[in-house]
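Here the chain labels run A, B, C and D in written order, and each chain numbers its own residues starting at 1.
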Amino acid sequence: MNFISDPVTFIANWLNNLLTSWGLSQAVVTVILKFIGAGIVGAFGFALVIFTIWLERKLYGRIQDRLGPNRVGPWGIFQTVPDIIKIFTKEYITPVGADKIVYNLAPILSVSAVLLTWAVIPFAPTIVGTEVNVGVLYLVAVGAIGALGIILAGWSSNNKYSLLGSFRAVAQVVSYEVPMVLALLVPVLLGRSMGINSLVNAQSVWFIVLSPIAALIFFTSSMAEVGRAPFDLLEADSELVAGYQTEYSGLKFGMFYVGEFLHAFTISALTVTLFFGGWRGPWAVQVPLLGVVWFFIKSFIVYYVVVLIRISMPRLRIDQMLNFNWKFLTPLALVLLIATAIVDKTFFTLLPGLNLLEIAIPWVRAGVHLVMNLLLILVTIQLLKSYRIKRILVVAKPRPVAVAPEPPASVIS
Amino acid sequence: MSTELLIWLLPLPPLLAFFLIVLFTNRYKGLSHSLAVGAALLSWLGSMVVFFQATRAEHLGSHPFVSVLNWLPTGEKWFQIGIRIDPLSAATLFFVAWTVLMIFIYSVGYHNYGQPKGDHDQKGLQPHGATVADEHGHKHLVPSIEPMYSRFFAFIGLFAFGMYTLVVSDNLLTLFVGWEIMGLCSYLLIGFWYQKPSARAAMIKAFMTTRVGDVFMLLGIAYLYTSVGSLSYSDIFKPETLHLLASTPAIGGFLGFSAAGLIGILLFIGTIGKSAQWPLHVWLPDAMEGPTPVSAMIHAATMVSAGVYMVIRMFPLLQAGSEGGHLTTAMSVMTVIGAFTAIFAATIALAQNDIKRVLAYSTISQLGYMVAALGIGAYVAAAFHLLTHAFFKALLFLGSGSVIHGVEHGVLHTGEKVDPQDMFNMGGLRKKMPVTFWTFLIGGFALSGFPLITAGFWSKDEILADAFANGHWVVFITLALAAFLTAFYTARQITLTFLGEPRTASSQHAQETTWTMTLPLVVLAVFAISIGWIGISESFPVIGGLVPNFIHEFVGSTLAEIPESIPFSFVPLLVSIIVALGGLALGWWVYRDQKAGAEDPLKRMLGPVHNLLKNKYYFDEIYDTIFVRPAYWLADNFTNQILDRGIIDGILHFVARIASNVGHVFRNYIDKPLVNGFGDFVGEGIKRVGRGIKVIQTGKVQQYLLMALVLAFGAMFYFVFALFGH
Amino acid sequence: MTAEQIIFLIVAVVTLVAALSVVISRNLIHSALWLILTLFGVAIFYVLLEAGFFAVIQVIVYIGAIAILFIFAAMLTRRVMQDTGPQSNTNWWIGALIALFLLAGIVFILLSWRGSTTPLAELENQSGRLSQLGLSLVSPDQYVLPFELASVLLVAGMIGAIFVAGDKKQ
Amino acid sequence: MIPLSWYLIFAAALFCIGLYGVLARKNAIGILMGIELMLNSVNVNLIAFWRYRAPNGIAGQAFAIIVFAVAAAEVAVGLALIISIYRRRSSVVADEMNLMKW
């Protein structure tokens, strides 16, 4: 337990001893340490945002076959700093008739919601915010608060467009929460615990292997949760101006902006912790620092996928989005949850029957689950095909050909 | 088959005949009449056997044939009925059997058995003859058969059963039963042709008058039963009971009668009604409405003789308490009534034109004779006269029936509208109907007491001798006078109907009747003569000892001790001979050349008295005014108007009015105000309460919640503080 | 007064003030927001009572869903938002009276109740408790019936709400 | 160490405020909020009793969960009703919904 392998805990213990030596009671000391830890994580979150903004803009450029920001600093890495300064210096305009308290409260809520999730994500076996045994539910709760922020922002800015925007946003966020929660339940089921740390520990075989569908559903619904990429109806530039952010300016707008980007990176981090084994990697256990490195490498890879989707996918219409959610994702998630539960239960009841090597059990279990998931995928694809064909049929009905009206009876006779 | 059992069976054949005819065979005339006659024959045969054994049994009086049966449980011992044949009932049985049989045979011919059915004969009316065409198509009327032929035989069968029960019974109750059955049958038979209004009136009159008598008789029987405790003769005629009855005064101290006297009188009133004595005699002449065999049956054989038989049977009771020759009050009453009825009826008979009415009145007077004889204590003479009278009176009636039948034949033949029963339309039938003439002549002589030959002479002479011997001068004279009148109207009757020339064409064509009618006449004629010879008293000068005075020993023995026979004296003998021959000669002389349509010579002689006699001393009118009209008045005015309408309806109306008032009161003072009021009150009260409470329902949800909370707190605090006492 | 008690008092005061303002505030949206704050306070209470699961459930269910529903409802019935005048109806003082009366009653009962001073027992199986709760909810001899009924109730409520509130496209 | 009575008194206070909200609020949605407060106070009570009186028992927690479910359903249906009433009578004031008045 030395500085290199586990700097964070080293420092923490050092500080602890320092403060206790100053005569503070242990409780007070832990409170102070907790505060310091929270502060570091928050600062780290914002710093991360600065980097991800740059990264994203560079990627956009490269994908769209252009350079992207390269003027400020080498490869434009400092581009985000002048943006931030710009935003800081912008003038605060509060619309007439806006509900002051609620107008100012909204951005704070949305950013705090995102930051709160970081409290629970374990970066390394020893480095983790707080050890909450209902971590997964905590994540869901925090997501709900984010939705709250959006509504208040939309409503308080006393602007019809922003109100409409906030309604749509909330509808989207709330409805996508359902499949996300159901998808979250699958790893909880597999890992036999709600605490995120215990989930990561249980991932000797990454959960992505066991149930790729759950990972996919979780990933898509969290993307919707963020309001980016195909689901970025929230601040659809072409339609609703900036959605609920229209009336905000200056730092408040910045807050929203930072909140959004951080949220994007957070969902990739979450996906990693839940499905890609979090800090698990070779020697991660021995050297916590190495866990952190693995964790960030995986997160950035997933983040890269997020950005990729954001740039390449067209925007979904509001009804398509809701239909996709309620008619495809939620039923699939439900079926998946039930199927994994059944398979898992039968596997563990049959386990004593077939004599496996001790270490082979997780792999066999992974295989069984994988097979079930593949089967499920095939079935869903088949259903989708039959559903699509039927729709086409409907369209193809022939239209009646125009027929000359019969002459009036008097003429014939 | 012991005699007692045979006696039991005597009355049954006619009853059996009655039921068989009524229930089964009343459609077959031949079968019905043979059944009835057969039954009469059986009873007759039984009676003769019983009579023969009774005569051979020594001192039957003290040991009569008796057989008793427990019939009604009266308290601790049973009321017993049974049969009892002692010398008196044996003798009665003898003449009843003979007369009933003769009448049955006679009525076969009388109802023209074998004749064709009448053209337009109706049930309930006399047959009007049937038109018959003989071999060469010549049509003429022939008497038609009686439409209700078998019904007649059924009723006289029942009549015979009634008489037989009366005769053989050993107690007053079954006697009374037979008595009533005969009353019923007389009613049914008098009114046989019920379509005739006069027949209907006659049957009701007969029934009602006999009923009056019966009521008193029943009183007597009841009084006797209460005082003696039993009705059978053996108990009543015990010397000590007789002495007890004689000594105890009558209940109401009624005119100084003793109990025995009062019972005797009450029973005697029954006889007055039944045997048509003076006050209650009116029904007998009207009873002629019925067919002649019925008249014969009623007036000769059964009905009237039953009354006298009952009195003779009760003689010891009547005589109870009379020492020596002294008559008890009851006996004196009887003598008075008997004698008066004899003379009274005889006078009326003089003025009657109808052949049957003359005989009816002669019956009443002859019964008067018997009652008078009993009244003066001539027990054996009365019984003897009863015996002889039954025979010659039956003979006379059947003879008159055959005469009427012959004349009817003439009426049908000539088609003349004339009353076949009126003597003045007859005459000269001697040549046309010789057998009827000779038998009728014997009957007539027996009735009027033709000396030495006929039975009537001996029995009547006995009574006169008794009256004379016991010094009852008044009775002797009246009876002698009555005898003279009897002889006179008998001769009148014979000469009018048989002698002289036929006064009408129909009597011209009268024919002799068939053998079934003439045979009984001949038999009865034989008896009318011969029966007298067994009752000649020994002390009679010449022929006294020839034939033993059978009647005296035999019938006399029914009494406790045989009454001593009276010494012979010439006076009554001479008187009766003179009276008989005189009456006959006078009667023949007055009516010997009666011309058709000529007036009754007697009318000229008697004038207004004759008119009085013709109308029977206006007794019918008197009774009508005294009894019938007041009865109607009573029924109509009193009972209907006053009693029924006034009182009963009055009471009902009164009750009704009270009820309606009470109802009114209930309605207006209890029902309306209270009951309805209460109902309305409830309805109104609920409405008002409802209106009061509805204010609570303000529609504001929060106010409801407030109310609920207040109540909840109230309950909570109640529980917390009151119940748990904190 | 330990740290915990201090936190308890602060949070209690904050929650009660928020609750009071929920009831009193003129603007419906403001009262909704105050409601959210109260719910947060209650969530913190759960944490104090060491019922973490309930705190999170509270947040998810109440704040995540119900509070948002309230705000939605408030917005949908927008025209009423500008309603002037006091928010409480005429006889509000009766309500106040009853509430105070009830409070006094309950407090009186609680103070007099012996059990209110029971010592705080230490919790042993921290982790096992949650699974035990889960199991009890579905084990037939314990609370499976209310659990199933609650699910039926929720489905019925959902369908009912959709049916009632959905505007019929005539 | 917080004594149980504090929690109970806090819950009682919260309950009374909720009750006042229900009784005094003019707006139907305000009433629903009042009800929510009351339900929450009940929950606090349940958990407090569980924590202090029967820590290893399950009843308290199970009940709390059921109360959560019921509260959610109640709010959903309540608000749906209120919205449909609003749509028909364009008013949400409790007093004006007095059709059931006598």
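The rule is simple: contacts are C-beta pairs under 8 Å (C-beta built on N, C-alpha and C of every residue); 3 or more make two chains touch, one makes a residue touch a chain.
Just so we're clear, the structure is a prediction, and the values are computed from it rather than from any experiment.
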| item | value |
| --- | --- |
| Centre-most chain, if every chain is reduced to its averaged C-alpha atoms | D |
| B-C or A-C, whichever has more C-beta pairs in contact | A-C |
| Centroid spacing, where centroids are CA-atom means, of chain B and chain C in whole angstrom | 123 |
| Separation of mean Cα positions, chain B and chain A [Å, integer] | 141 |
| Distance from chain D to chain A - Cα centre to Cα centre, in angstrom | 33 |
| Centre distance in Å when chain A and chain C are each reduced to the mean of their C-alpha atoms | 29 |
| Where chain D touches two or more other chains, by residue | 19, 22-24, 94-95 |
| Per-residue overlap in chain C, given as positions that touch at least 2 other chains | 57, 65, 72, 89, 94-95, 98, 102 |
| Shared interface positions of chain B, touching two or more other chains | 700, 702, 706, 709 |
| Complete list of chain pairs which touch one another | A-C, B-C, B-D, C-D |
| Residues of chain C touching chain A in the complex | 3, 27, 29-30, 33, 36, 52-53, 56-57, 59-60, 63-65, 67-68, 71-72, 75, 126-127, 130 |
| Complex contact set, residues of chain C against chain D | 2, 4-5, 8, 12, 15-16, 19-20, 22-23, 28, 31-32, 35, 38-39, 42, 45-46, 48-51, 54, 57-58, 61-62, 65-66, 69-70, 72-74, 76-77, 79-80, 83, 86-89, 92, 94-96, 98-100, 102-103, 106-107, 110-111, 115-121, 123-124, 132-133, 136-137, 142-143, 146-147, 150-151, 153-154, 156-158, 160-162, 164-165, 167 |
| Of all residues in chain A, those that touch chain C in their complex | 27-28, 99, 101-102, 105, 132-134, 137-138, 140-141, 143-145, 147-148, 151-152, 155, 163, 167, 170, 174, 177, 194 |
| In the complex with chain C, residue positions of chain B that touch it | 700, 702-703, 706, 709-710, 713, 716-717, 720, 726 |
| Contact footprint of chain C on chain D as seen in their complex | 1-10, 12-27, 29-30, 32-34, 36-37, 40, 43-44, 47-48, 50-53, 55-56, 58, 61-62, 64-66, 68-77, 79-84, 86-87, 90-95 |
